[in-house]
Amino acid sequence: MDRDEPVISLELPRAALSPETEAYFEKCRQKLGLVPNVLLAYAFDEKKLRSFTDMYNDLMLGDSELSKLEREMIAVTVSAANRCHYCLVAHGAAVREFSGDPQLGDTLVANYRAAALSPRHRAMLDYAWKLTTEPAAVGEADRAALAEAGFSDRAIWDVASVAAFFNMTNRVASASKMRPNAEYYAMARERRT
Amino acid sequence: MDRDEPVISLELPRAALSPETEAYFEKCRQKLGLVPNVLLAYAFDEKKLRSFTDMYNDLMLGDSELSKLEREMIAVTVSAANRCHYCLVAHGAAVREFSGDPQLGDTLVANYRAAALSPRHRAMLDYAWKLTTEPAAVGEADRAALAEAGFSDRAIWDVASVAAFFNMTNRVASASKMRPNAEYYAMARERRT
Amino acid sequence: MDRDEPVISLELPRAALSPETEAYFEKCRQKLGLVPNVLLAYAFDEKKLRSFTDMYNDLMLGDSELSKLEREMIAVTVSAANRCHYCLVAHGAAVREFSGDPQLGDTLVANYRAAALSPRHRAMLDYAWKLTTEPAAVGEADRAALAEAGFSDRAIWDVASVAAFFNMTNRVASASKMRPNAEYYAMARERRT
Amino acid sequence: MDRDEPVISLELPRAALSPETEAYFEKCRQKLGLVPNVLLAYAFDEKKLRSFTDMYNDLMLGDSELSKLEREMIAVTVSAANRCHYCLVAHGAAVREFSGDPQLGDTLVANYRAAALSPRHRAMLDYAWKLTTEPAAVGEADRAALAEAGFSDRAIWDVASVAAFFNMTNRVASASKMRPNAEYYAMARERRT
Amino acid sequence: MDRDEPVISLELPRAALSPETEAYFEKCRQKLGLVPNVLLAYAFDEKKLRSFTDMYNDLMLGDSELSKLEREMIAVTVSAANRCHYCLVAHGAAVREFSGDPQLGDTLVANYRAAALSPRHRAMLDYAWKLTTEPAAVGEADRAALAEAGFSDRAIWDVASVAAFFNMTNRVASASKMRPNAEYYAMARERRT
Amino acid sequence: MDRDEPVISLELPRAALSPETEAYFEKCRQKLGLVPNVLLAYAFDEKKLRSFTDMYNDLMLGDSELSKLEREMIAVTVSAANRCHYCLVAHGAAVREFSGDPQLGDTLVANYRAAALSPRHRAMLDYAWKLTTEPAAVGEADRAALAEAGFSDRAIWDVASVAAFFNMTNRVASASKMRPNAEYYAMARERRT
């Protein structure tokens, strides 16, 4: 990864990493080919890094009625609403990777309403968009639309939690001007479906 | 606490709680006189509960240049921007508690710009407000304003992280129509300063 | 009342008050235990004070199909939309007083959509909110929703008039940085229902 | 005036008018050539009519450092922000009348920023616009801009009061779909300056 | 026309006009009594002038299921949304001219929702308004509403094209502070219907 | 190109193309490897097609102080503000192509404020953004910022014209649900700088 430029615009001293964190980063390198800059951004404080990764891994990789692709679709849609550069680049790559459809990734970055979505996915992203842009106005009718599209109460919690999580990380990334790893831009650009 | 009404509007089955979680809730009862409903809301899944409390405790109670009151002031200001009922009631109470000034709590709930704030606090809350309402527009000038008000890069990270966190929890609370514990409304209504 | 700090941030000389005005203020003290600062704010000019109180008393206390509590609920909802510190504190107290339900007052201050409202009250506050935040878009469909909830044309006029009035006073209060009487914050904090 | 169509879209029974009100309307006919429909709209209740006209006459015609034209310029600018049909037509005519400059009236209706304004008037209308569209954000810097443009604290109160008043009447007019008198459209279309 | 003041606020040298352009301007003078300032604004470059007039003439005067009045109604509604001074004055005059109804022109300038419109025209202007103010949210439901009001796919293209065109010209006019010809303000003020 | 799916969602019959248009499309195929779908979308009417291409070619390829890359950067920034799928995909590719920097393209799609821009380019895109999102508020101060960044009055006209043009095409594309050519997504993904 490109270490000439700082990962974020704030000057936070990198902490000496524990063996566990070094091992975690090594696992990232093997699996993804890189350590996501968001992890390096948090690496000034291992406790913050761990609380971030624990929540991230549970939400995005843990047990859920939502597929991993669906969770990434929510991530991109929320990040588009908030215009978060880091998250659009990193999670746009993840949508391309999980879907095998590069057009889907770029379309969600641009405007999820322009994508050819199933009713289930349209309802899911409509909800994520509204929860992001008008949280005070979300109500029973919005939940009913999700239920009608087949989401259980538990799945609705997950849609809301993932959307809410990216409303957090988008703001940490924007506030610190976090830079995406250069590799993300070109990743998974081949259509596989 | 009032158990006749559900804590949230979603029907999520309460999981059997582990002894550690029972102990944690007992500690809440002793310290606060209640188990915050947000914890009960997450109690359908202990992993989610723990990732939430780990992050919350680190951000709100952990080491920081920001005082606990300052972090609660950010919590209320962000929750006011998002009009989050649960968080305004619960963290409004916390501002009253930590400041000993009930008027400060209610004023931040209404409009932080109407409060008599130090330049440091005004800069801090201006930043939290903008990061909440216009995350895409936050930039160097906004960080410079915080630096000028005396915030170090690390403290700026904490301001941003706390503001970002409540942008997450506000949305989880709104999406699930989380109900504040009845006790919060009346808590710390006596002026102590 | 606390006279050390100015009632508003503008420096307007207090006029000598006429016996009628002194009597009116005395009546306030007996009935409410205070002279609302909004009246003192207008007291630099008795004509302006009287035109304000005439309109206020007719709208809020005069004959109407709307109960006094309903009118105060509109006042708080409009003031929440406009984030008016003075009016949220003063009329939040009035909602607590008239309803005997402190939670209702604080919930309307936070977000009327989070309150447990009858269909009548939800329709009434939806209308007040929209008339406040999107006056150019209010139309027949909005009035029809009020009519369907049981409001007569005359009652619709009153809903609109009260909402419109607080769109005026919110702005006078914000422009002059009017300070609420300290007593309002603690008033009617006991549940009576 | 055209009595074939109702003055407002609500069906409120016209009250029998008192001799005083009849005299007032007659005075309007002699002075303006018409009874403004806003007065007929309020005529279902003489008390409401009087409290409206008392406030209106004090604010728009009473003693003030602001000229009557300046008050009408504020009225039009606020009504443009709120896109109030009745008020734009009626007070656009008043700006044309008081200024003798029909282009000024139509330009303020379209966008006050496009008008060739003195620094005093630009500051005055910038303030009225912001108080209308972002009341929660108005603060000391905005008042300071008015003071720098030569407005006394008392004059600032009047700018704010007039702007606030039209935020009320715009909403009453929109809510009731008040129709402007047909005469207003063509009135004072000749340039006199 | 008044040549003492510049047509736009940018200092662009007037090019020598070709005989074709002089002839075109002469035709304007004969037909309209003036050369619209927008043409003079573009006259610094004949190629830009011609590409503008070609598109304008095709859209506004060419073959379409939409009448010329309907196209002008869209022009005014879009320009009201964008608060474009030049276009509101010039095309407001065109609506008065084509409709013979001065009130219609001024009402569309103020707020198209306040006009007494046929369902066809209300649907058409609702669409133009939304395409202007929320282009990212326009979708199938919006097109379906136009189809239901009787618009063919081709007519929908024309509604969208005219609305889109004025979203362009409004911005060129605002950016250059284009001044409307003085004659437009008074034109077609007589009711003919 | 993929002809199985319609280029736009409206059903407009394709006109028989003239030899000139066929030649123009053939030139596109040779130069770009495709006929941009926007041209096919307009191909139902050759006059509309030609007025579109004349304006496009003059603005984007004609003589200007702005480089072609700069004009494409404006196109992408405006299209991001309006969230136009077609234009972000097609002109994002053009930014990648002209700059040789794929990251620049994707960063402007996400949020131009996150890009590492020269002061000249930041001023240019700030202006394009504001003219797009707040056209009514653009004024002398905004133009002065461009002048200070080195733009002549003529160059300011071009910045405004290009920004304005994409405010038109974004809306035509959104209204017709125009689909980008599949080739654009993958085009110029190799870094060349």
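For clarity, chains are labelled A, B, C, D, E and F in written order, and residue numbers in each chain start from 1.
Throughout what follows, contacts are C-beta pairs under 8 Å (C-beta built on N, C-alpha and C of every residue); 3 or more make two chains touch, one makes a residue touch a chain.
None of these values were measured; they are calculated from a predicted model.
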In contact with subunit D and subunit E alike are the chains C, F
Please indicate which chain is farthest from subunit D, where distance is taken between mean Cα coordinates of the chains.
A
Overlaying subunit A on subunit E by their Cα positions calls for a rotation, in degrees to the nearest 5, of 120
For subunit B, which other chain has the most distant CA centre?
E
Centre to centre, by mean C-alpha position, how many angstrom separate subunit C and subunit D?
23
Averaging over Cα atoms per chain, report the distance between subunit B and subunit D in Å.
44
Where does subunit E touch two or more other chains at once, residue-wise?
83-84, 111, 136, 139, 174, 177
Going by the touch rule set out above, what shape does the chain contact graph take here: line, ring, star, complete or other?
other
Chain pairs in mutual contact under the definition given at the outset
A-B, A-C, A-E, A-F, B-C, B-D, B-F, C-D, C-E, D-E, D-F, E-F
Interface residues, subunit D side, partner subunit E - complex:
80, 83-86, 88-89, 92, 102-103, 106-107, 109-111, 114, 174, 177, 182, 185-186, 189
Interface with subunit C, subunit D side, in the complex: residues 9-12, 44, 47-48, 50-52, 54-55, 58, 62, 82-84, 131-132, 135-136, 138-140, 143, 153-154, 156-157, 160-161, 163-165, 167-172, 174-177
The subunit E residues in contact with subunit C across the complex are 111, 113
Under the stated contact criterion, what part of subunit E meets subunit A in this complex?
136-137, 139
